[in-house]
Structures are given as C-alpha cells and as structure tokens.
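The first chain written gets the first letter, and so on, giving A, B, C, D and E; residue counts start at 1 in each chain.
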C-alpha cells in the first residue's frame, strides 16, 4: 500500500485520473450519450406505418414545434406555471428560512428542519392526489374556503400551480435555510450598528447573501415543474404542459417527442447559464 | 403486411415444450397474481399448471404499451384496438394459430375475425373482454335525461367545466360517431377511418367541446371521484365506473346513446420476437378459459368473451355488462387503429393515421 | 439583528401557517386511509380500518416497498461512490473542463424527469441493447442522485480544507490510510445528508422509473400509479403513504442527530 | 478629558446573564467624551458583552445605559449613535470596499454623490483609496481591518466600539495599526471603547484601562496606575510580568507583612562581590535562565530559599553609565531593589488569573 | 550544535514558484541536528513554503532537499521522518485527544496498548493527561496547541516543523507556551524549525534565525547577530524597532558616509542644559510623543532638521543610578549615543519591509 501511495503521491495526474475515471465514464456513457442520442433523434423521423425510426436528417419536427401555435401556447403555459411555482416557493421560503435560521431557538431549529424534511417522504403521487381531493368540489378547500367566502379554484392551471408549489416547497426551503445559516450574525449586527433598520438590513445585506440558496432552490422548483406531467393529469383539469406533450408522443413518435423535449432542455440550459454566476450550482 | 421486421413467416403449426417463463404486458387488472389482493389471482394456478413463470408489467396508455412492446421484451401483449393494428403493421405481432387454443372455440363469434384482431384473414390474437364507452350523467344536474351524445357536444356549454371525456387520441372516434349520425354529408362510414376533411370536422367539434371540459380522464378512480364530488356531471364512462359510484353521493345513469358508441375489445397478442411462444400460447388459452376469463373481466369491469364464462361470473354481471348481447354489441364501434389505408375500404383518399390523431389530440387539448 | 417582537411573532406565524399547509394534505391522507369511500371525497363517508387490514396483507404493496428500498439503496450506494469520487476530484484538483464536469453532474437533476427518462430508456434499449430492468433502473436513478452526494461532499471538503489530510500524511499515513481514517470520517455526515436526499429522490421517483424500469420491477410509486387504475385500491395507497411518512421519521431524525455532531461546530468551549 | 466632566457613556448597575453565567455583573462605568478607554481581561471575563450592551446588540437584564444625556437602555442598535469595529470585521461580502464604507451613509439617506465623497475620504484616512473597488475577500487581513474602521468612522458616531480589532494581525502590522488608531482617534475626537487581550496594546493606547474579571471591573485607572500600582495579584499578574510575593514569601524574603508585587525591570543584579547600595533590599541567588530578548535579557533567578524571581536586564547604549555585560546562566548574583518599588497588593491577592 | 557539524536538514538551490510568484527562490539552507531554527519574515515571504517543502507537501521545482543523509526531494510526506505542528493545529475533530496523539503510532502499526502508553506519555509532557478523553472542540486554544505538539512529538521525528504555532494564542498564553516549547525541545533534542511573524518570539527561542524576504534569506545568524548587527535596513526594520539613517540623513545628522541603524534603547535623552558625555554623538530635538509602555516610555523626537527619532526610556528601579523622571511631550532634549552603537547597513539598505 505504502509503495502505491508513494508512487501516487508523485503523480497527481494519475490520482486525478483515478478519481475521475468512474464518475466521468458513468456520466458520459450513460447520460451524455443518451442525451445526445435523443437530440439527434429530434432530427430524424418515423415511418408512420411501421413506426420504425427513419434515420435521415430532417428539420420537420423542429419546424413543427417552432411553427405550430400549440407548442407556443403550451410552452408559455409551462413557463408561466414553472415561474409562478418558483416565485411562490421563493416567497414562502424567504420568511420561513429566515425564521428557522435566525429567529428560532437552536432546539426548535432542529425540529423545524425535520418538519420540513419529512413531507419529502410522503409519495409525490399521494400528495398530488391529496391535493386533488382538497381542491375538488365540496373538498376541504371548498368547505373551508366557503367559510371565508372563497371557493376552490377547481382543477386547472391554478390547481397545477398550487399543487406543484406545495410539492416542491421543501426542496426550496431547505437550501434557502442553509443559505441563511451561512450568513454570519455579525453581519446583521454590523448593519444594525450602522443604522439600518431590520427591513433595510434584510434587503441590503441578508437578501443578496441568500440569493445563491434561493437560486439553488429555484432550480428544483423550476425544473421539476417544467418536466412534470403527472400532477398535471391529476389536478390540471383539461390542461396540458410540455411534459404531457413529450409523454404522449414518446410512445408513438419519439422524434417529435425529442424535438419537444428540446424546449425544456433549452430553457433549463439558459436558466443554468444565467444563474451560474451566483454560485448557486454548488448549493443544490 | 406482416413482413417488415417480422421474424415469423406464419403461425405456429404445433406446440412444443413450455419454456418455463413468459412475460406479459397488459392493462392493470388483466394479470393479477394475488399481489394486489390475495383473493384476486388467476396467475398462480397457471404457473403451477404449465410451469411457465409469469412476469408482468402494466401500462397506462396504448402509446406507452406500444413503446414498451417494441423493446421485444414481452411475449404476450394485451392490446386494445387502437394498438393492435400498429403492432401488426410494425411487425411486432405474430400470427396466432387459433387451432392451438382449445378455448378459442367458445368465444363469441361477433368478437372473432374483426378488423382489430385479424388482418388479411390472419388472426393476430384472441379476443378478451369488451365494453362500451358509455354516456354517464348526474341525474340531478342533467335534465332532461339525455339520450344522445349531444349532451357532451352541442349541449356541453350548459355544464361548462363539468364535462369530461376520455383522455386519448382515440376519443376522436367518439366525435366521429356523433358526426356520422348528425352530419351525414361528411360521409363518415367508420369512425376509425377519417380522411383529412373528416378528421378536421371531428377536431373542430372536439375543440368546441374543450371549452366546456372540466377535465379529461384516463384512470377510473379519478372520474369516479369527480362524479361523486360533482366536479363532473356528464361525460364518457365505463360501466364499471358507473357501478362503483356511490349513489348517495351522486345519482348517476350510464346509457348507450342513440348514435351508438365506441368501445373496446382487447386482444391477447403474441410478440413476433417472443422467445417463449409455447408459454405464450398456454397463457392465451388460460386467459380464455371461461372461469379465468370471467374472473379477469369481472375484476376489470367488462363483459367476458363467452357465454360459458357467464356461468362463472357473479350474479348479474353478464346482464349489467350486456355480455353476449349481439344487438348491443352491434351499436359499438370497437376501438381500432387508424392507419393510412382507409379501414372503410375507400381507396381514393388516404386516411389519417394514429400519428395524425395524436397530433390532433394534443392540438385539441391546446 | 434586533428584530421586533412583532416581527418575530409574524415570522413564527408564517412558519406555523406554512407548516400547517404542508401537513394539512398529509393529514387528509391519514383521514382518507380510514374513509369508507374509495374515491377520496370530502367529507369522509365513514370510518373503517378495512384498508389498513387489506394493506397489511397486500403482497403487492409489500413487494413494491421492498423493491423501492432495494432500488433506492443501490442507487444511493452508486451515487455515494461516484459522488464522493467526483467531489474529491473537483475539490482537490483543478483541471481543464472542470466547469463542464460540474454542469454535467447537475444536468440529470435539472433537466425534467421526462427528458431524462426517454433519453435513458431510448439509449438503453435502442443504442446499448440492454434489457430494461432492475439494472437500468438503478443506473438511471443513480445518475440523477449523484449530484446530491457530490454537492454535500464538495461543500464539506471545502470547509475541511486540505489540512487534516496533510496532517495525516505528515504523521506517516499513506493515501488510503488517510482516506480511511481521516477523510471518510470527516465526510460522514455529509455523506449521510447527501445519501438521504439521494435515497428520498430515488424512492419517490416515478417519471424516470416509468421509462427505465423493465417488466417485473414494480417500485412503490409505480405500484401506486397502477393501483389508481385498479378498482378500489386508492385507499390502500393512502395507507401505504401514511406508513411511509411515519417510517421516514427515523432516518431523518438520525441524520439530524448525526449532523449536529459537535465536530461540526468549530466553536471552542471556554 | 476626565470621565466625569462630560460623560459620554454611563453604565449604572448593568447586569447581563447568559443562563447561569453572569457575563456582566452589576457594572458601573463612566467613560468621558473623547476618551480612549480600554477593557482588558482574560477570555470570558465579559468585555465583549459590555461592548454589545453599549452597542445595543444585547439588552441588559437590569441597570441603565446612557449615551451622552440620553437613556438608551431600551433602544435598538440602529437608534444609537455608536458604531462598532467587529473582531472578525463583519464586512459585507457582496459589497465592494467603497460600498461597505458608504453603507452607514446609504441607510441614512445620504445622496449617492456625497456618500461616495465621504466614503473615499474615510478610506483616505486609513490609506486605502486604491482598493475602493475590490471585494473584501480580495484584501489582506490588515486591509480588511482598516476597511472596517473606515466603515465605522464614516458616519461620525459619538462613540466607536472596537472588539479586539487588531487580534488577527501580525505583530508588525499591529504596531502600525496601533499608531494609526491613536492618530484617528485624536483627529476625530471620538470616544473609543477598545477591547483587547493584549496588555501592552492597552498600555500604549489608552487614556484609561479597566481590568475585567468575571463580569466585574477589578481595577480602573490610567495605564501607569494599572501597571505601577496594581491593587491585586490578579492585576499585577495580568498586566505585564510581575514577581508576586505572597504573604509567606514576603515574610521569608522581605521580612515584611502582606503581599507585594515587584516588576522585573526594577530589580538590579550585581555580582556577589559588589556591595549593596544604601537602603536596598537584597537577596542572593543563582541564574537559572538568561533569555535574550533584543532590548535586553530576561533573567530567571532562583533565590536561596527556592523562590523564583524574574529580572529584566535592559541593554543600553555604551553611553549609559551602567551599560554592562549581562550575567549568564549559572552565575551567582545578588538581586537588589528599593523598598519603594514594592507594590503592596490588596486583600484578594490570592486570586490568580484564570483563563476560562 | 553548529549546523555544519551534523546537518539535519539541507536545502540546495531549492526553488518553488506558484504561477509567476517565486515563493522560494534558489534557497540554500543548512540546519543542524538539535537546533532550534526560526524563520522570520513578513507575510508572503515564503516561510510556510519552505516548511511545506521540507515536510513534503509541496514538490520543489528545482534543487534538492536532504534530511540527515537521505535525499528526500521526491519523497511523499509519509515517507519523511518529519512532523509538523500546524498553525490551526489541524487536530482530527472526530478523534479524542488520546487518539489524536496516538494517530502517528497507529498508522505505523504500533500495538494498541503501546500506543496508548506512549500517547499518554506525550500528553504528560505537555501536561494534558487530564483531557485525554475529550474531543478537540472541547479544548481551549492553548490546550489544542499542546495536543498538536504532543501528536507531532510522539512519533519521535528527527525534525519538528512548527508554522506559527502560537499565532492564535493571546499574549499571556503565548509567553507561557514559549517557555514550554523551549523546554520540550531541550528535553527531546529534536531539531525544531519554527516559523513566526513575531520577532520577539524568534529572538527569545531560537539558536539561529533566518530573516526572509521574497523567497530568499536576507540574513541568517544568532538572535544577537540579527538584532544587534542587522546587515540591511530591511532586517533592522523588521526585527525590533530601529532608527535607520539612510545615506542622506547620515550625512546631515551623523556627518558620516553610508547608512546606519540605531536601536532606540541605545539613545540617551538629556535636558538641553546637560553636557554631553565624552565621545558621544548628539542631536537636539523636541519630543513629539511619549508613550507609556509599562516597562518604560517610547519617546518620539523630531530633530531640528526634521528627522524622526525613536528612543526607549526604560523605567528602572529606584536603585538604578539613572532612574530619572521621563521627559514629556514638548520638552526640548538632546539625544546622544555612542558611535559604537551605530550599525552600518549593507548595500540593499534602501529596501524597506513590504507586506505582500
């Protein structure tokens, strides 16, 4: 062992190679190849009779998704829902994370973290179904909302937004909480000391420092919402999102499905590129 | 044409030794081995009897099934009519020699040699259960009691947001059935055989309907619940759903409207790539066994495939589901796969195929 | 920061409210697991323990839970291995293409599950010619789980610095000994946190699973989904969900306990 | 600049407990306008807590705190005309140096142009104009320290609190910063309340020093008073090096009642042969250690009765009348000192310094 | 213990660059067996890098490193008979104190029983037997420092490297640890290579000192050589306080050619009226600042030509012949010194200390 160690210690390149070999092989062989193959498929077509792939280059699918109104509508709807979900979750995570990290006692902090972690283990499907039940005519929301003069929004885009915001909330709260934790208390003291009132301190000192955590959380809420079609089926009423379009085409027309998938891929890539500089990618 | 990519040139002539395993792709509730409910098991006996170990996978939509079947990992596929012809066209399905299946004999004649299980007089599978896509309505909210599909088309705006429809491209055929009766000048002969103009008319009708649709459904718990809660008051259904609904929560009625209806008759098919054809044949025979067939179709909620099966079914089951009622069956346009060659025999036009329908369906939903 | 009592109360109230909203649907699931109605409607039609009894003897649910546990465990182990290796490489070395590798780890979680799902299933069956099944499922899950381990490991290594490892080498420990006696114990709670999240992600994954699992591999989410298509199974699903929530308390509690290990805090005790 | 003439800070019977620990125990303290006031004491003695009470980060359990003529006991930090230089600097990592310094002006609503001018001015005072655009992480420790100082003085507070601001700097830099701090304090005329572990620093910079022990002030006075006339062994020990003779040793060596302290530099070492100066107290011993310290030697002597003594032999220019070669290890010497250099210690002389 | 008799560490033309920065620049260095060797220099001057090269954490770009008679240039840290006390201690947080100390024995395969005995022995040396079962987080800074020391010495290395081991301790504790370090080094006879920022510490502890600047050694010698005979302004400035007369000032004030350093303690201050001692050099000026430092006053004088001078007026016992009252600010005085106290500086005298 020692002689291997001695040799290796002289060869950082080999050390790095040994560390990277397995994970990189995995990621490249499994993921990059699969993704690349899918992207290539977007430029193929399918024999409508035998349903066999025809491996000849065509822009038909891409043309179709860029020209047909359907894809524009659904893309905008999906983007809108994903953004709304992300906004709602961030808006909730900001005060809650702050309370957990900076106001609650050390003891209750632990309990709160546990409380926000536990719902992650309740099946996503079960939660979506519970929301279906909540939102339905005469459901809990209708019943409770009736008391304050509000009904249920029923099944539809609003329901999708609410349900998704609910399901992904813990994924946003946890990184935001962690980001608050990393803000030293002395910075808050310093701001107050220099005359900033709490609201001001929050806006000018705390908020900029939790942005990476917020962005990390938003990657979860945004991309998980972008790709979901099951929640949409359960509470979305008659609506569909990009995930549904990819899904229904994935069986009968993989090239078209792949072409549609280009949309969320592009959106996410742009999003990642935009947030890269915030350092959020290290906070997932 | 069973030649593209197909490995078997013809049906098996005789059976050999069972291979010891068989993998089956089916709708939920078709291959129950007691794991969902210990009472519900028609697999264990088969395994013991034949020595064929069963592995099964369930699918949610015909499209999903098609994709899975392509992998060639399944010996047997339970396919609805919107899938069968695609399987056959893609060379995924093997021709089935019904002579090797003793239970085939007792199966209702009106299910045999139909367009969704037989091509060029070659059988590609064994008919399983069947049923109709009925019109269901809440008797309190929908008055007077409808007798026509008009309730979900022209009259749908009366119940805006409370109309439901089956969530699949094949639902376009329901619109075609309606148009066949109400717009004869479109010349629709077979709801699964639509040229571009006819499809466009159906799409328009469905787009209009879309504005009143509260939600589309594809699993029955969902539609059961939404009728019970009142989220939905009218729409397509299956008999089994109507039976499940608690009348105290929602008084519903399910009818076969005057225009007739679409329906399904699923087919047990054998993969052209099957490595266990003998076990596959054994399964096809087993599932057509009257007792087993009764058990399976009753569990899923559809009519069994033979009169003999009705002897094993519970009291009233065959009546409720109109099993063997040929007149009733005649009103049903069983699911079929739209393909370019018009199924109604027209040769002057090219018909729209399932892919076109899939696109149209996405567009309808918007 | 000096926060007024009103603000504190307000924040506490908001947090309480959010928790209430978070748990209300779960409470509903509990209630529905005792509801005589099968269709999850409100208000409950009556009280019954039938579903609990049926769930108790439901071999499908049991098998699905076991399958999910096995799949999630395997995926987590793979993710732990790969994520740790990658974390060590990324935190301790600088090399060309580091940013690309970083993006590469994040992509599987950031891209929608449906994209990952069809890409992988297509690659497995059409390109690599591997039969979909348990193996492909674990590979698919591990792929998007790597990132949680990776991020935790990287953060910990960053905080830990190279100092402890140097101290170990300095005292005569070879590389493997240093890893075993120093690095690994330091990573323990990071691995636990990352592994737990990976486990949860895999355990709950439905979309990727739908595409990457072969016949005969029924994970819990798949079982739940298919049971929605079987008559009268919905309440049993609720029972299973309730059990899962309750059972999950243990690992989460454990993880919290371990991560509050005093070695985490660098504060000296005076 | 006496404290009572125009008190700037006044603490009356202020207490603060954390759980069982009395961090600050019924403290009375008056600090004058423009004073450079230092708090000296071992770790855990409550210095930081006093600072945080004055700044308003902690609320006193009892007692009142006044700044100028105003009772600020219940005011929030942002309502007190006091700023702090934190030990870890607490610079805002997302703001550049200029924006860090301008922060206090910004929250006061000073116009952008003016705050930029004033912040640059403050940066000029700490000679950091050239790093205005950098982020705090791009600065060295000494530079960060000065940014923190500039940020605190730019708002012209009446009182500046400094919590071991030089603790993290290396010796050379620290000496340099000490000079700068003193200069800035003189220029601005602001009251400085300065916390340090380092007695030398406290002696050098302060107008007055309070020595803390367990949340109380055990001695308060000018540096000279503290150093030359410690009232307890605790203070004698903590501030500088002392030879402390407890009652028993006093009896043996000094033939006197009571406890006494004697600073090493007050001791004269001479060869056994030399005659003792008139009026001197003497003790013979052997040199056990002679450590070169640049400006002289620190010489450890073991007296005949076993008592350990430390003497400081200062090296001096050739012109000095007594610039002699130092003794070395093993030499036998006579240590002598004037009785007037003995400092009588108070009653709690038995209490030694404890690091908590 | 001269270095050349039995060299324990030998660096020949060792260089190490980080990018453009030559951290260590063609360094030759020989350290003797059992020597207490210190490296002194401003931040960034390459001290840590030299230590890391000796320990094996960094690979030299060129040159060779020997330990004893063995060329270790290419060996990994674990193959070198050298241990390190890290500045931040680098104690293993997951192991208790005993296991931390026993770690080096454990990886050498020493049996459990024996390593426990030996670790306890080492803990005894640093007087920490009573905390053996604690985790490092439960220790004070000084205790941690001692655990780090025990961990490093328990394996009986030939060489112990210490990188500012006392930097994080407060003054009192630091003085205490200095004494202990020296004692342990004497007892074990191990070669100590000690890095510090603190010139006083270096002077007090070392057999020899190397003063670093930009990756090179600018002066190497005994503490006395370094302090009393700096060869450059850089060294004169960095080690202790110096009055440096550059060539122009020398001409004006000293009427001599070349650059000179003069230690503050060598200067005698007397009233204008007093007559200068025979052979003294004198300069009249006014006191601009007189800072009390406990053991005396640091007096700043501005000479008539504007030159600044610092003198140290040491306070002394009443017995000392010249124990006079110190002058105070504004007084006009004559500063005088013996020409023999002037230290001529080398050619690079213009180079001042720069903190990088």
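Everything that follows uses one rule, which is that a residue touches a chain if its C-beta (ideal position, glycine included) is under 8 Å from a C-beta of that chain, and two chains touch if they have at least 3 such contacts.
Chain labels with UniProt names: A, C = Putative spermidine/putrescine transport system permease protein; D, E = Putative spermidine/putrescine transport system ATP-binding protein.
Computed from a predicted structure; not experimentally measured.
Student: Using the contact definition stated above, find the chains touching both chain A and chain B.
Tutor: Correct list: C.
Student: If you count the contact pairs for each chain pair, which pair has the most?
Tutor: Max contact pairs: A-C.
Student: Measure off the straight-line distance from the CA centroid of chain D to the CA centroid of chain E, and report it in whole Å.
Tutor: Chain centres of chain D and chain E, defined by C-alpha means, are spaced 24 Å apart.
Student: Where the centres are mean C-alpha positions, what is the separation of chain B from chain C, in Å?
Tutor: So the centre of chain B lies 38 Å away from the centre of chain C.
Student: For chain A versus chain C, what separation do you get between their C-alpha means, in angstrom?
Tutor: Computed value for the inter-centroid distance: 15 Å.
Student: Whole-Å distance, chain C centre to chain D centre, using C-alpha means?
Tutor: A distance of 54 Å separates the two centres.
Student: Could you list the positions in chain C whose residues touch two or more of the other chains?
Tutor: Answer for chain C, listing residues that touch two or more other chains: 2, 40-42, 169, 174, 177, 225, 228, 234, 270.
Student: Would you please write down the residue numbers of chain A that are in contact with two or more other chains?
Tutor: 2, 5-6, 9, 132-133, 136, 138-139, 189, 191-192, 250, 254
Student: Return the residues of chain E touching two or more other chains; collapse runs of consecutive numbers into ranges.
Tutor: If we look for residues of chain E contacting two or more partner chains, we find 76-78, 140.
Student: Along chain A, where are the residues that touch chain B in the complex?
Tutor: Contacts found on chain A: 46, 48-52, 68, 70, 73-74, 132-133, 136-139, 154-155, 233-234, 236-240, 245, 248-254, 256.
Student: Quick one: which bits of chain D touch chain E in the complex? Just the residue numbers, please.
Tutor: Chain D reaches chain E through residues 42-43, 140, 142, 167, 170-173, 197-200, 203-204, 223-224, 227, 238-241, 263, 265-268, 277, 280, 291-296, 298, 312, 314-322, 336-338, 340-341, 353, 355.
Student: With touch defined as at the start, can you tell me which chain A residues reach chain C in the complex?
Tutor: Contacts found on chain A: 1-2, 4-6, 8-9, 12, 15-16, 19-20, 22-24, 26-28, 30-35, 37-38, 41, 53, 92, 95-96, 98-100, 102-104, 110, 112-127, 129-134, 136, 138-140, 143, 166, 169-170, 185, 188-189, 191-192, 198, 201, 219-220, 223-224, 226-230, 242-243, 246-247, 250, 254, 257-258, 261, 264-265, 268, 272, 281-284.
Student: So in the complex, the part of chain B that touches chain C is made up of which residues?
Tutor: 23-25, 27-29, 34-38, 55-58, 60, 64, 71, 73-74, 219-222, 224-225, 228-229, 240, 244-246, 248-249, 299-301
Student: Quick check on the complex: what are the chain E residues that touch chain C?
Tutor: The contact residues of chain E facing chain C are 55-57, 76-78, 82-84, 86, 88, 90-94, 103-104, 106-108, 135, 137-141, 144, 151-152, 155.
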